[in-house]
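Just below sit the structures, each encoded as structure tokens.
Each of the next two complexes has chain A plus one more chain, namely chain B in the first and chain C in the second.
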Partner chain A sequence: MLSIKNLHALAGEKQVLKGLDLEVGAGEVHAIMGPNGSGKSTLAQVLAGREGYTVTDGSVTYKGKDLLSLAPEERAREGVFLAFQYPVEIPGVNNVYLLKAGLNAIRKHRGESEMDAFEFLTLVREKMKLMQMSESFLNRGVNEGFSGGEKKRNEILQMAVLEPALALLDETDSGLDIDALRVVSNGVNSLRSPDRAIVLVTHYQRLLDYIEPDHVHVLSDGKIIKSGDKSLALELEKRGYDWVKQEAAA
Partner chain B sequence: MASNPQTDPTLEALVAQKYRHGFVTDIESDTVPPGLDEDVITFISRKKGEPQFMLDWRLRSYRHWLTMKEPQWAHLRIQPIDYQSISYYSAPKPKADAPKSLEEVDPKLLETYDKLGIPLHERARLAGVAVDAVFDSVSVATTFKERLHKAGVIFCSFSEAVQKYPELVEKYLGSVVPYTDNYFATLNSAVFTDGSFVFVPKGVRCPMELSTYFRINAAKTGQFERTLIVAEEGSHVSYLEGCTAPMRDENQLHAAVVELIALEGAQIKYSTVQNWYPGDEHGRGGIYNFVTKRGECRGANSKISWTQVETGSAITWKYPSCILTGDNSVGEFYSVAVANNYQQADTGTKMIHIGKNTRSTIVSKGISAGHGQNAYRGLVKVLPSAINARNFTQCDSLLMGDKCGAHTFPYMEVRTPTASVEHEATTSKIGDDQLFYCLSRGISEEDAVNMIVNGFCKAVFKELPMEFAVEAQNLLAVSLEGSVG
Partner chain C sequence: MSAVGAKSNASPVDRYKAAFDARWQGNDELTALRRAALDQFLSTGFPTQRDEAWKYTNLRRLETRSFTPADASALDAHQPEWLTTTGTRIVLVNGHWLPALSLQTAQPPGVTVLTLKQWLQREPAAVAAYLKEHDQLTGNALEQLNLAFFEDGVVVNLADNAILDAPIYIVHQSTSAAAGCMSHPRVMVRAGRNSRATIIEHYLGANEAEYFTNAVTRLEIAAGGAITHYRGQREAPRAFHIGHIQTKLAKDARYSIHDIQLGASLGRTGITALLEGSGAHAALFGLFTPMGNQHLDAHTRIDHVAPHTTSEEDYRGIAGGKGRGVFNGKIIVRPDAQKIDSRQSSRNLLLSPTAEIDTKPELEIYANDVKCSHGATTGQLDATALFYLRSRGLSESNARALLIRAFAESILSTIGLEPVRAALEKQIDERFKLANEAKA
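The block that comes next holds the complex of A and B.
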């Protein structure tokens, strides 16, 4: 589904990704771990198409298409979803209104009819139950006055409604207490499916206790230096990142 | 004739695409030659069959105006206006007699309204709105008079009011905006040709929203409207004003005066959606909108609320204000002002607290895009008599692009220690973060910008009557088309 080859990218002026390779198949969950500044968030932003990040070399193929040639909204309509690390507030814009606009843009792109308000509300209510969100979310502004945990839940709610083929979760666990982490993880797990790929970017092993990955990768200095299964995450938790770096350097 | 020989037809067609409401209706105008002197004023007054007191008032205004100078304090660049090149009177030619019903109205006129999306009869009936349509300077149709009449509400053209209710006009005209007030208001007092008059008697709740659509039509005709709304004790009225104008090559002056008077316990809500031709993307053409709007809460417990959405005009110079004379009276001002391309807006409000426990709220949202310059200018004045007066001001500016400007000039004059005055101001750029967030959910850039801007303006839009709120959102979308990216 997603094939990243020799990806080099600048964040602003700074070379952050330096030859990253990654293959993600449908139905798989990949965790990308790594120390601060290793390029985890840059990878997520580059894949979502954020301005200010420049690809200098390499390629990204998504469902056989050149992902990098698509505008951010086109990527979203093709089924790429980014759950933000810091979801932004948009005062005065209704949370659900934004979601409905997004869903209908995606449906239109797929040649499906737009959802009317009633159908949409039924869908959102069902997904909100899954995320244990109160009705008041329906009427609030986008992330306006949300707590950290509420913002993250809202991201996964959006993911549940938009049903992407490829979900990128950027540090979705940061700032969550243990109860919120469980709710968010349950939400993500319920979205695991044979035709959907999930890429988790995270600092901590903790999240992987709840969302079990098929593959774990260590990102360091803009490259993936080691890949393994879930046990790699446990080992990183115990021993830190230095030994992997040394092993890679040797 | 209303055709304009200087305008290249292909150019006009091109520009008309951008400004959908840009067209000129071919109606025989009864226009005086350009120029202003006492004879012209006398002509206007005679033409309208006015009583002597009106002519006297006009002439007093004119003589005072000759002693005045154009104001220079606004944050505006204005091409000098040649007041002698303006024609001060233009009326659709009466066919034998004035129309008594819509059927008698010139069909071309009705067509014009249709093009504007205002099928007068239908829209009025469906929406339950009475429309006092001002076409150039003479009102041509007034609907729903009967129903209003039953409720005791007077809603008619200003000319008609002068004929039928001279004692009311004489009593209230100029009582809030005196003829000496300011350069443009004084000019208006001398030469105004028509406008609307509303009188809501004691204890009456006006059974429908009152609405006026304005158009400026005949070439080189400045339009000077006069609106007077009087709400007697305990009465309520909501008044809507919406404007569009045809495409025009030279600048057109518009200097209206609106006076509101609320007696004890009365409430007046005045809403404006203004969409006059703003000039092209190089700043050519467009309407000069120099308006004096002021209301007085004359009685205790009265309330006046101004809501405006200003997307049009080349230059806007406008400060709808409230004089809070009555104890416990309330003044409100909610405003969205857009300055795109080379538009300039200098707008805001004045809240003058005189009575005890008077309260005022100001919410101003300025949006600047292209080379637009947007200034908020507000005065909160609390006199020693205004014990426990309160004011809250919130002034937010949104910038789109890096060639536009936002300016805030808040003035406060507080002369009692018991008053509480709060001012909050923010300036933000339309956030890349916000934009990217929307894009990453599949929403197009244009829709995303509209969404964010409408969110920014929400506090004002919710004050507009339902129908107007939708219109306002659409207007905003059209006004800001292509501003980002």
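The block that comes next holds the complex of A and C.
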């Protein structure tokens, strides 16, 4: 589904990604771990198409298409979803409006008809229940005045409504208490399916207790230096990152 | 009518003198009043940018044009999009009352709504006395010009304790017949003690004509009275629009104005609120959206004459293209006016590198026991918010329009009359091309 080859990218003017390779297949859950500053968030932003990040070399192919040539909204409509590390507060734009506008834009792109109000609300209510969110959130401004945990839940709610083919979760576990972590993880797990890929970017192993990855990668200094299965995450938790770096340097 | 917008060799003010002499002769009291006002205008001419109140708004382009009074016979009845369909509607087309489009409703006891011409026909001496008391030798040159040339308008009288639930909707429509013409409509509202009403003024035109609207609105609110005033300016793209609003508030009177400027090539609203009785409260909300080559100016002056008076002011400007916006908000606290509470906020959004908004808060405080706060910001659309919306599938243009609408919403949401708010929201959306991707 996603094939990243020799990706080099600048964040602003700084070279952050320095030859990253990654293959993600449908139905798989990948965890990308690494110390601060290794390039995890840059990878997520580059894949979502954020301004201010420049790809200087390499390629990203998504479902056979050159992902990097697509505008952010085209990527979203093709099924790429980024759950933000810091979801943006947008006072004056209704949460439910955004959900509906996003969903209809994606459906239109797929050649499907727009959902009617009843169908849409039924879907949203069902997903809100899953995320243990009160319906009062629907008519508030996007993330406006939400707590850290509420914002993360709202991200996963959007993801659950938009049903992407490729979900990128950028530090979704950061700032969550254990109850919120469980709710968010349940939301993500409910989206696991044979035709959907999930990439988790995380600093800590604890998220992986709840969302079990098929593959774990260590990102260091802009490159993936080690890949393994979920046992790699446990080992990182115990031993830290230095031994992997040393092994890679050897 | 004379040649459209033609330049002539006569000096600008002389052209107005010629137009006046052609239109008004006679020696009655009102004509004398008009002539005095004209002389006042002729002696100063149009304000220049050396005048502090007109520092950011250049009237030279207006001054070079020749406008003649609009003809009452050239009216064509074109029904525009009404802001509301309930209440009393008075439609003036090119400055003249058009009964065919107007809607009369039975007024509750104590409420009189007349056209100015009707009042003039019934009580010419009373009109002259009123104008003499309220307008003679006060106001700026353009208000004097209005006094010299006014033909028609609306007069609303509310007796003490009169409560009007349905709005009074005053439409000033300009048609293509207005090309080369000027109109000087007047709206006068006298609200008795503890009376209450909603006044909507709507200036609109949808044509290629170049014309000049120079409107004066006077409100007097007696003790305990409350007036809600909506003012929508959506003149034709080549029009000049200058509006002068002055409201006097007695003890415990309340006034709110919602001043939405969308149209005209050059537009300005000047609002003065005089808080003359303790307990009076004025709230000024405004939105101006210069796009293309538009110049839109919001000039406000809140005068805390009496102690224990309060005011709040929230203005937002959105400028795109080569649009130019101005916000000038003056707050005066007189020497003996203690215990004043006044808040002012001016926020501005620039959508292009060539757009410009000048914002100028001015506080003149001569008393010491006062609370006055003000803040002004000018910025661009939040790039992070834009990316966030696009990452959810919204097109860039729709995401931009959505953020612009969100910025405008804090002003639009102050409009309590639902159909008016909905109509203005729709106009803002059309202006910034918000496609309805999620119609509920």
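Following the convention adopted for this analysis, the second predicted complex is superposed on the first by the 250 of 250 C-alpha atoms of A that agree within 3 Å, B and C clash if a C-alpha of one lies under 4 Å from a C-alpha of the other, contacts with A are read in each partner's own complex, and residues count from 1 in each chain.
Quick note on the criterion: a contact is a pair of C-beta atoms (placed from the backbone, for glycine too) under 8 Å apart; a residue touches a chain by one contact, two chains touch by 3 or more.
Keep in mind that this is a model prediction, so the values were computed, not measured.
Superposition of the two structures on chain A leads chain B and chain C into a clash. When both complexes are overlaid on chain A, the residue A:Ala117 reaches chain C alone and has no touch with chain B. Looking at chain A, you'll find residues 48-51, 71-73, 75-77, 81-82, 84, 87-88, 90-93, 97-98, 101-103, 105-106, 109, 141-142, 158, 162 touch chain B in one structure and chain C in the other.
Per the touch definition, chain A reaches chain C in the complex via residues 48-51, 71-73, 75-77, 81-82, 84, 87-88, 90-93, 96-98, 100-106, 109, 117, 141-142, 158, 162. Across the complex, chain B is touched by residues 48-52, 71-73, 75-77, 81-82, 84, 87-88, 90-93, 97-99, 101-103, 105-106, 109, 141-142, 158, 162 of chain A.
Partner chain A is touched in their complex by these residues of chain C: 382-385, 387-396, 398-399, 402-403, 405-407, 409-410, 437-438, 440.
By the touch rule above, chain B contacts chain A in their complex via residues 431-434, 436-445, 447, 451-452, 454-459.
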